[in-house]
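Chain IDs A, B, C and D follow the sequence of writing; residue 1 opens each chain.
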Amino acid sequence: MDPEVGRQSSNSGVSTPALREPERAKLRPRSLRRLRPFAPFVALVVLSLLVGALNPRFFEFNNVVRIANSAAIPLVLALGETFVIILGSVDLSVEGVLAVGAVVISLLVRNDSNANALGWTGAALAIAICAGIGCLSGLIHVQLRIPSFMATLGIWFVGVGMATLALGGSTVRVLDTNIRSLALTRLLEFPLAVWVALSALGLAWVFERFTRIGRYVYAIGGGEDLAVLSGIPVKRVKVVIFTLAGALYGLAGLLSAAQLGMGNALIGSGRLFFTITAVVVGGSALTGGEGGVLNTFIGVLIIAVLANGMVLLGISPYVQQAVQGLLIIVAVALSIDRARLKIVK
Amino acid sequence: MNDFTYPIPRRTFIRRAAVLAGSGALASMLPYRVYAADKVTLVNSIRSLSNPYHATWNQGGQAFANAIGADYVTLVTEGDSEKGIADIRAVLAKTGGNLVLNVDPNDSPDARPIVEACVKAGAYVVTQWNKPADLHPWDFNPYYVAHISFDGVRYGEETANALIKAIGGSGGIVALGGILSNTPAIERKAGLQKALDANPNVKLLDLQVANWKSSEAFNIVGSWLTRFGDQMKGIWAANDDMGTGALEALRAENLAGKIPITGIDGIKLAVEAVRAGEFAATVSWDPYWQGSMGLAIPYAAKTGKFESVKEPKSHREFYGTGSLVTKENADEFYKTHIESAPKIDFDDLWGRVTGQIRE
Amino acid sequence: MLSVKNVSKTFGVVQALDDVSLEINENEVVGLVGENGAGKSTLMRVLAGVYAPDRGSLQLGGKSIVFGSPTGANLNGIGIVFQEQSLLPNLSIAENIYLGQERQFVRLGLISRQRLNAAARRQLEKVHADFDPRTRTSELNFAARQMVELAKALALEERTDRHLVILLDEPTSMLEQRDIDILFARVRALRARASFVFVSHRLEEVLEISDRIYVMKDGRVVAHMPVADATVPQLHQLMVGRDRHAEYYRESRQHAPRAEVVMEASGLAVDGAYREIDFTLRKGEVLGIAGVIGSGREELTRTLFGFLPQTRGKLRVNGREVRLNSPSEAADIGIGYIPRERRVEGLVLPLSVAVNMTLASLQAVKIRGVISPKRERELAKRWVEKLHVRTPSVDTLCLQLSGGNQQKVVLSKWMNARSRILIFDHPTRGLDVGAKEEVYELIRDLSDDGIAIVLTADTLEETIGLCHSILAMRDGRVTARFDASPGSKPSQVDLIRHMV
Amino acid sequence: MPPNTAARNWISIATRMRGIAPLLVLIGLVALIGMLKPGFLTLDTLVVVMADTATLFIIAAGVTFVIMLGGIDLSIQSVASLSSVIVAMMLPGAGYWAFPAALMAGLFTGAFSGIVHVWLRIPSFIVTLATSGLASAAALLLSQARSITIGQSGRAFLTWVTGRLFGVPSVIIVGAMVAAAGIWIQRYTAFGRYSTAIGAGEAATVASGVKVNRQKAIAYALSAGLSALAGILLAGRMSSGSPTLANELLLPAIAAVVVGGTAITGGAGGIGRTVLGALIIAVVRVGMTFVGINIFAQQMVFGLVLIVAVAITIDRGKVLIVK
């Protein structure tokens, strides 16, 4: 037998063959796969340049601020949704919970319909209530073994119902200046709401990267049965995540109430699909286990820039939906790693 | 290795039993009302109770019901035409047709099936806002008593003029439209157009659709500020919700009050904004009147106070009176309509007729 | 030290374990053998704290204990390397090793990744695997992941001062010989710090690595003996209840293939995987492909069924030149595929036996273009009888069948589709001896019927025993061809030296 | 391990129980409402309820095909609206040709979604969301953003929707035909069989040489096609078409599918279950009005009933992990 082979086989530890196979199997240069995660970011840059080229005002600092301002609430919502989606579940209750949050806040802080004036305490209470609702979704999902899709769909209706019930349909005006300051006071040129959203992002990122539950979310999304075998309290983690999501929707409710200066049962309408789309465009897989809050951050910006661009370029309202739809397809086509998801549903 | 694959049935069943029990409990919660078929039922069918406009509408209906001591039911479509119609059919079936209906159809097409259902059941009906052009009360005597609408073109024009006045007669303005295919959206836009034609030195910079929503209006106005900067002298909104959204977007840039806004509907927030000088104007339909008088008229017909057949067409398809709320009359209006429920004479059936609806 | 005392476990009404007792001493390797469904895996899961026994008890150092959960077992020094690997593809090696154990790295509520990775590196060193602990496990091949699993189990040392017991549930079933050797080397080396329970269908391996052997049958321990007193035939006898067939691979039934060539490859290549592959496949021929992981044989197999179209070279099927761009194209020209991932690619587990059998060709069960459930069930029944599939009925869901029977369903799917060329990708993986023999029997029947077969097998014996001719591959090239007709069969050594 | 007889019986019983659970729920609900309001149990009322369910059911039936193979279709409501517009616009001129035209438009849109989904390998959620945008844009442009009334002349062509057949509202008959056809397709055609297989185990189906992509494309086409049919019925019942006519039907439709007991992950369920699901949704909604539940509480009750219904009807046997 030729000595060449002999030496090769004798000194080949586990490591040599170990890393040999995937390169062959995936048949794609690693460098390319390494670049994948940045695809959404590239999409964002390209999109921005496109809009900027057609209307230079896009790059004006004021516009950047406005985009940031319009992205703040969607970002907070999308953060909550991201964790749920990484679990492999989905949360449709966004609009309902957000409405409850906004309505409860506007009723607890100084307003024009009752004598309450709890200020920040009121805000905290409202967020707590929303967390409770999220927790309820989670419990229904894991305890009754109902798909999150359905459980949260139900909770969506319940949420809007509660908000309507609480106000008897009317709109309440928020008079509390502290709450309003979130939208009206600026720090380094950006409204406080933007900073709130960014800090939420920061915390969410730390939560995702450096806490046990954060890592368990990925474990469950990657393989729930294996997660169970590794002694991970899957059910508890799920409930925690849905609760967290609820809390974030509540926070978004606070920001909405501050931004629009009012609370009403329809304040969240139209937010859901935006939220999920942003998460997916950012590159998180609906099948779970992949992606993260930074992806979502990019995703939200893509959608926000898109909306801003539509107006800046004066695209006819008739075709806006169509244009948006096509651009989203393109963005996703660029950003998802098809090699990794063998099956696309 | 299929040890894993089966949830032990017993457990599942216990759970399911629990759930069933739960649903039972839910059922027992259901309020149980009895409608005597010999007593007339008053029904208001509206889009949803989640918006102030229809909430006030509902109060009006309640008020009239109390006034004559009849049962009162509210139906909401939640924007789903089929649901709206199904619900109406349900109450018709339940009351054996002994009811009067005041309906704001979710979409103009809905009016026909609704009217036909009422005629079939012998219930008296008034439609408001939406109906197909070729559907006429006088074709369904006596049950289809009347159709009430408000001249979107006229009031769209009036608010536009108020806005133009506020910006000093010249400059660029932008417009926030409602859901493109909604009749009011179309009419009000047409009114705006008329005003613009009359004022050549006012330019419409852009029209965007915010689907009647304040949150969408908020973002659009932000982008407009970038695109038009200070060319944008005023904002015309097809309803107050979008108007208030626009106002908050301006407030966030310390422009509240500097760029005048007009809305339509006359909701509380808008009227307050007018008083504060942030809105140039809004138009109030007085939904309280719509909710009450929309019942009073068919009730009168049912109880024989008048015969619909004998009424002139101008009483069968008419425009109600909207009132333009501006700085001048805002405080007054606020006292009479916002702070206190408006006083309405339920016998003055035709008091607010401002002409027959044009084809 | 760790002992199982009269443990019984039932699922619904299935008696998985019946009064089982077993003893594990310090620093020894205990072999555990038995047919599929004999209760090995259940026993392992009881030991690992996944299941609680219905009756009986576990005892550690004399006193009985209850684990309650896998974690509970871990804290008592018991780790398990599952048959279906328990690494999460979307997490890094380090995260996998310490999955569920991150608490120790938490400082001020946050996980310190440096500490985590450093600790993971320490564990990897124990098994002499020098991967970067930050690598996603999806980037590793099977053998490498196995090492990580082992490292994960060894990490228990840090959490308990107890003596470790590591359960290896069929760890070799998917490994190449060279990787098995590496694994065994590690196990021997680690014997100093841990005891092992080793479950495998490959009796030779069990004899090679174990000190004592327990034999299970129908949920009972039917025998246990020191390895010295054990022989393959004897174990086989105990497991199956009958002697191992005199000639395991039915070599006497191997007849020379017909002349007619049904498949022909010339200069076949997939860039980055394999190149310059030439072979001819005749009616009734069994062509074996031998090679280690990474030799390109996996990719070659996938090419032949259209998963991975060739980038160069020609492939002729029944004389016509083809490029198979998808499995459906392959199936359409009469090629069938018995995949290695039976439960993933072989069967639609939640569907019935009948449905799975007809999935590849509904034509057979259609009457005037309409599926006839009646005809379908009749057809399925016929296959069930022909292949002796042990299933309560043709409506039974496939996930209720044992591995061997599942494999038969897969086979009948293709026989039903009248495929003339079958690609066998590790057909006996995870099957017990009895089931294996049945598969060998079937392969002979097929070849007698003139079906051409391309086989990549689990073991070299299997390849040599079953094939008419063998290609040895290394680094994407064919390094040798062997005629393997009875009498002139190559030895394993012949093959290996062309494989590595 | 060898499946034991008793265990098997248990399972089969459980499965059968699950099979009829939706029916039990439906009967239970009807009985409950009938108890509280005997007026509900008159033939007329029930017939009316069924008639009002037809459109919802037909849309739901379409999306069932997609959900069965594990996808989702968010474009159904826009497609329905689009087809209503096409019908309303074409009836006066083209007469009966309007219907095939609308259906073709639907099928085409669906095929587009399907093909983009399988070729670009983009999640159906996103693709169909985009298609939805395209469809409604088309509807807006066609209709000049107005709702188009169908005049007397046009209505003549719609008697097959608005009229009655043997005293039964013909929409019910149309619905029944769709149901029958759907069940037949899923039971007796290769497409139906493959859809189930794809939903239950796509990898294995691919490895069985099934042309998975084609099946998917067909499913999306069917989904949109049926939505278009629903759009035609809507146009008939409202005797007009509008680009927003069906906008609120998306969620109820998907809810109907899931309440019927079809797994949102695919592979288990079918049109038959969707029939029941749609009826359950309709009965709950009308029932609330009938019983006179406080209007402000109705949405909450609806949400809760949805959850309870699913908890009872959903088939957990084959879904090993609930996501």
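Following the convention adopted for this analysis, contacts are C-beta pairs under 8 Å (C-beta built on N, C-alpha and C of every residue); 3 or more make two chains touch, one makes a residue touch a chain.
The model shown is predicted, which means the values in this text are computed figures rather than measured ones.
Common neighbours of chain A and chain D, by the contact definition above: B, C.
With every chain reduced to the mean of its CA atoms, the largest distance from chain C is reached by B. With centres set at the average Cα position, the gap from chain B to chain C is 68 Å.
Note on chain placement: the centre of chain A and the centre of chain C lie 41 Å apart, centres being C-alpha means. One inter-chain figure worth recording: chain B and chain D are separated by 30 Å, centre to centre, where each centre is the mean of the chain's CA atoms. Shown for chain D are the residues that touch two or more other chains, namely 1, 3, 7, 10, 140, 145, 203, 296, 298-299, 301, 304, 311, 316, 320. Annotation for chain B: residues touching 2 or more other chains are 2-7, 9, 19, 49, 180. In chain C, the positions touching at least two other chains are 11-12, 16, 400.
Within the complex formed with chain D, the chain C residues making contact are 11-14, 16, 36-37, 39, 305, 326-328, 330-332, 337, 339, 341, 344-351, 355, 359-360, 362, 366, 370-373, 390, 392, 396-397, 400-402, 413, 417. The residues of chain D lying in touch with chain B in their complex are 1, 3, 7, 10-11, 14, 28, 32, 36-37, 39-40, 42, 44-45, 48-49, 52, 55-56, 140, 143, 145-147, 149, 151-152, 234, 237-245, 247-249, 252, 282, 285-286, 289-296, 298-299, 301, 304-305, 308, 311-312, 316-317, 320. Contacts from chain D toward chain C in the complex involve residues 1-8, 10, 187-190, 193, 196-197, 200-201, 203-212, 267-268, 318. Interface of chain D with chain A (complex): residues 70-72, 74, 116-117, 120-127, 129-134, 136-138, 140-141, 145, 202-203, 251, 254-255, 258-259, 263-266, 296-304, 306-307, 310-311, 314, 316, 320-323.
Against chain C, the residues of chain A that register as touching in their complex are 1, 5, 8-9, 13-15, 17-25, 27, 206, 209-212, 215, 218-219, 221-223, 226-227, 229-232, 289-290, 340.
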